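Encoded as structure tokens, the structure appears first; notes follow it.
Read from first to last, the chains carry the letters A, B, C and D; within each, the first residue is number 1.
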Amino acid sequence: MGTAKRTTLADAVARFTRDGMSIAIGLALEPAIPFAFAHELIRQRRRDLELIGPISDVLFDQLIGAGCVRRVTAAWVGNVSAGLGHCYRRALEQGVPRRIEVRDHSNFTIAQALLAGAIGAPFIPTRTLLGSDIPRANGTFRESVSPFDGTTVLLVPAVLPDLAVIACQRADEEGNAQLVGPWGISREGALAAREVVVLAERVVPRREISSAPNLTLVPGTKVVAVVEEPFACHPSPLQGAYPRDHEFFHEYHRATRTREGFDAWLADWVTAVPDRAAYLAKLAPRWPP
Amino acid sequence: MIDVSAGELMVAQAAREIRDGEKVFVGMRLPLIAFVVAKRTHAPNAVGLFELGLVRDEPAAELLYTMGDTANVDGAMWCGPMLDVMGMLQRGDVEAGFIGGAEVDRHGNLNTTAIGGERQRPAVALPGSGGGADIASLAKRLIVIMPHDRRRLVERVSFITSPGYGDGPGWRERVGLPRGGPSVLITTLGVFRFVDGEAVLETYHPTASLDEVRASTGWEPKLARDVRATELPSGEVLDIIRGYDPKGFWTRRET
Amino acid sequence: MGTAKRTTLADAVARFTRDGMSIAIGLALEPAIPFAFAHELIRQRRRDLELIGPISDVLFDQLIGAGCVRRVTAAWVGNVSAGLGHCYRRALEQGVPRRIEVRDHSNFTIAQALLAGAIGAPFIPTRTLLGSDIPRANGTFRESVSPFDGTTVLLVPAVLPDLAVIACQRADEEGNAQLVGPWGISREGALAAREVVVLAERVVPRREISSAPNLTLVPGTKVVAVVEEPFACHPSPLQGAYPRDHEFFHEYHRATRTREGFDAWLADWVTAVPDRAAYLAKLAPRWPP
Amino acid sequence: MIDVSAGELMVAQAAREIRDGEKVFVGMRLPLIAFVVAKRTHAPNAVGLFELGLVRDEPAAELLYTMGDTANVDGAMWCGPMLDVMGMLQRGDVEAGFIGGAEVDRHGNLNTTAIGGERQRPAVALPGSGGGADIASLAKRLIVIMPHDRRRLVERVSFITSPGYGDGPGWRERVGLPRGGPSVLITTLGVFRFVDGEAVLETYHPTASLDEVRASTGWEPKLARDVRATELPSGEVLDIIRGYDPKGFWTRRET
């Protein structure tokens, strides 16, 4: 097996993302959020993206504020420990920097939508959200009746992302990616996607992967690019590698209350920073802790 | 006056809502601390489920800012897909769950989606459901925690993110929800118990008053026959709360 | 947390099984089959059981031959490396030792039936088995049309076993069970079941479990009994502990061609053997290898 | 005569059916050895999927008696739930799969369930589908391997466990199958290729003859215009087969 999948983050974003595509990212919920990937999307000025995920902590907020996003298919967009996401609010309330569409989900329905995609089912029937206004707002669900017991069910149709981005502790050069810690909907999202990009804290020899194959979240057969990118998830945590940088989230919250504040933050931490190494140099010495 | 914050009172009350041996969707913020209190006092066998994919029967060793903090994984008994945890919830294996909201109405319906305007162009965009709507739909018992003012406790929520009792008794069955509904609404000012699908004021916090509760509620609240002041947390409970959140990050934040 | 769940195999079978119940067992397919549990079911003369599983290698065959079984809900019953299951054939073809009912599944449909049970869904829609005679033979499926795209789907209703039996390398005293190796439909089966009994090669302290919680197949909250029973899966393999005893399967195949042969085999290896320790003593020195 | 067993001929032909880079449901018995041959000759980038929950791109280091043997887990790249592997199959991510059967008909339908009588009281009870019916339903291409005699190659199977082309062209689409169907039937006597939903004899093994194939088939088989003898395995291929299964457990067993 070759090493054709091993590449840099900039190359992976250049080759495997395009304007208008749907990207599932931040699938483990609060941990293992591939912020490095989002920042590179912003630097490469991708536009009209559909973001798919459960919650995203501030990753979705940043991409929305940077004008990369057309639609958010998610259960929650904000800043988990600080509160609201200011860019998300500005986009929805004022159309700043552009209007976005929201396709509302709950965590469970987006999980089921990606499960359906992962196993090739057209939909999954559920009893969550009956009576909620989310199904009406979402517009893609159907209410139905179970032919087995006559009870009401909500049918959640499959979601099939063009791309899923997975950050993890280790992967081999074929993309066999191992994630330790909560998986959230990472596996469903990766298996539902057409292609997967893996950001690994360490790229390791196959024998390290095959010594514990139960930890492999997604087999390399789905993976098109493997990037070794240490600290790719900062400020979110990666189990066994680094903790969450709570203060960074709170600073972001304070700094981005205004559009000008966000633009300054973005210039400071993303657009004026060529790559993750420079970002980490800028963080030092405060981080890693 | 009394040296107890509203957050601490809420945590203490929330802890009382957890029964020993129960499986509880803990969520984050105040309920997370309530789980710690319950575990260390009357509910040593309670088990905490976290929707991102964690099950643990010992609280994390340090204060959590999110359920995904590394400290919440250390010592977990199970770690994996959200689907399995949500599956247990949908099966009916989970006794109770905590959620908060931006708006709640007298029937316990919660709005965390948007206020005013159209959904795609709201006056105020809120973060959304997260797992809240799932817990509200599927847990056997829902414990609601939120700040108390007239903009939040409203006659009718503008968007039902997390279903309570809809428009009253029988509604959950009619829409097809399999079980559950809010059992209690704990606010910064008092505690409402749900009776026949409607919030009934059971206690007002000693930091507040009955009049303040009435003035801050967007409907004329029903009062329990024996409406009274909320029981103060014991010294032991306050010690646990303050030991776990020494800076008051969650228990003394502005709401 | 107490140690009330820790017990012996005989006690677990006595307390947590009863005539007529449905038991999901052998859920990892060829490996980690809890033969020790099946033998104790036979010794305690449980009757009218419904067995639920994908394939079972010869475990189902033995329980059928011993007259414990009323119904088999499975995708395959036989002897994987040797061929047919003679007891299964005798039961179906001749009603010997008693008639049994077969509820036909494929591996994928039984997986989906248990997935539905695990997540509390009434059914899972699938495209497998369209055109097969299995749905008609099974009788519980429904053909339907996806309201999203008008395509035909087969609805597989949830299966909810009364009990699931899981064999694994290690578990703690609360039943947090960790299985290394292929999981097959073990997790779905365990989560779908009302109760779970765990047979662990080793019962270990909690800290060993929580050092790698991603390997926990089922949380202890579902588990009613934890039995430390080394070599509980012989002759099937348990990864990292012992290999498959191929010859034992082939001997069983040869020995059980007739009912008398099976009865002799059963007396020799099960009913005349008081417990797993005696079984292992009988196997020595040929096994463990 | 020729010192090649029918099993070895079948393995060699089965290996030819695997293309480089494909994801293949390998199953067990002869196909498992075919996967080894393909990987070591023309298809070094083929990946094997095993329905019990394994994905691997190197064959196991020793002969497997079942796909769950410990040697098949050692060196695997992925190990976990069957549902994920079957899910890849249903999504259409799997190019090919192998299955066998007790009966096959001219349209490639397979029976591994029961022969004669009622389903609940058959004349002959067979083990059942296992994953065979799923592979037949959902793989892009199905490779069928089985012993050849008139009781097995029948005009019409008595029970369709694994769907082939039903009663002919268009049937799979009509019943709702999303793709696939048998591409080839490899027997102890020859190789049939499916054309317009019907098995056409492409080659007969040099260990057999055209007449023997005809006499052993339960229908009058269509013959390819250039029907010919099956290509013998090269010395390299035979070495791989015999190196992997030195005792001929699978390649020389009585069928």
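We take it that a residue touches a chain if its C-beta (ideal position, glycine included) is under 8 Å from a C-beta of that chain, and two chains touch if they have at least 3 such contacts.
It should be emphasised that the depicted structure is a prediction, and the values quoted were computed from it without experimental measurement.
Colleague: Per the definition at the top, count C-beta pairs in contact and tell me whether A-B or B-C has more.
Modeller: The comparison resolves to A-B.
Colleague: Between subunit C and subunit D, what distance separates the C-alpha centroids? Give it in angstrom.
Modeller: 27
Colleague: Report the inter-chain centroid distance for subunit B and subunit D in whole angstrom, where each centroid is the mean of the CA atoms.
Modeller: 57
Colleague: How far is the middle of subunit B from the middle of subunit C, if each middle is the mean of its Cα atoms, in Å?
Modeller: From the centre of subunit B to the centre of subunit C is 40 Å.
Colleague: Which positions in subunit B are in touch with at least two other chains?
Modeller: Answer for subunit B, listing residues that touch two or more other chains: 54, 73, 79-80, 83, 86, 89-90, 138.
Colleague: Tell me, which residues of subunit A touch at least two other chains?
Modeller: Residues 120-121, 126-127, 151, 153, 181, 183, 187, 214 of subunit A each touch two or more of the other chains.
Colleague: Which pairs of chains touch each other in this structure?
Modeller: A-B, A-C, A-D, B-C, C-D
Colleague: What does subunit C use to touch subunit D in their complex?
Modeller: 28-31, 54-55, 57, 74-78, 80-81, 84-85, 88-89, 92-93, 95, 99, 101-102, 104-109, 111-112, 115, 126-134, 137, 151-153, 181-185, 187-188, 236-237, 239-240, 243-244, 246, 249
Colleague: Please give the residue numbers of subunit A that touch subunit D in the complex, ascending.
Modeller: Answer in residue numbers: 1, 117-121, 172, 174, 176, 187, 191, 206, 209-210, 213-214, 216, 218-222.
Colleague: How about subunit C: which of its residues touch subunit A in the complex?
Modeller: For subunit C paired with subunit A, touching residues are 120-127, 142, 144, 146-149, 151, 153, 155, 157, 179-181, 183, 212, 214-215.
Colleague: Residue numbers of subunit B touching subunit A in their complex, please.
Modeller: Result: residues 28, 50-54, 65-71, 73, 79-83, 86, 89-90, 113-114, 117, 119-134, 136-138, 159-163, 166, 171-172, 175-178 of subunit B touch subunit A.
Colleague: In the complex of these two chains, what residues of subunit B are touching subunit C?
Modeller: Touch residues, subunit B against subunit C: 23, 45, 47, 54-55, 57, 73-80, 83-84, 86-93, 138.
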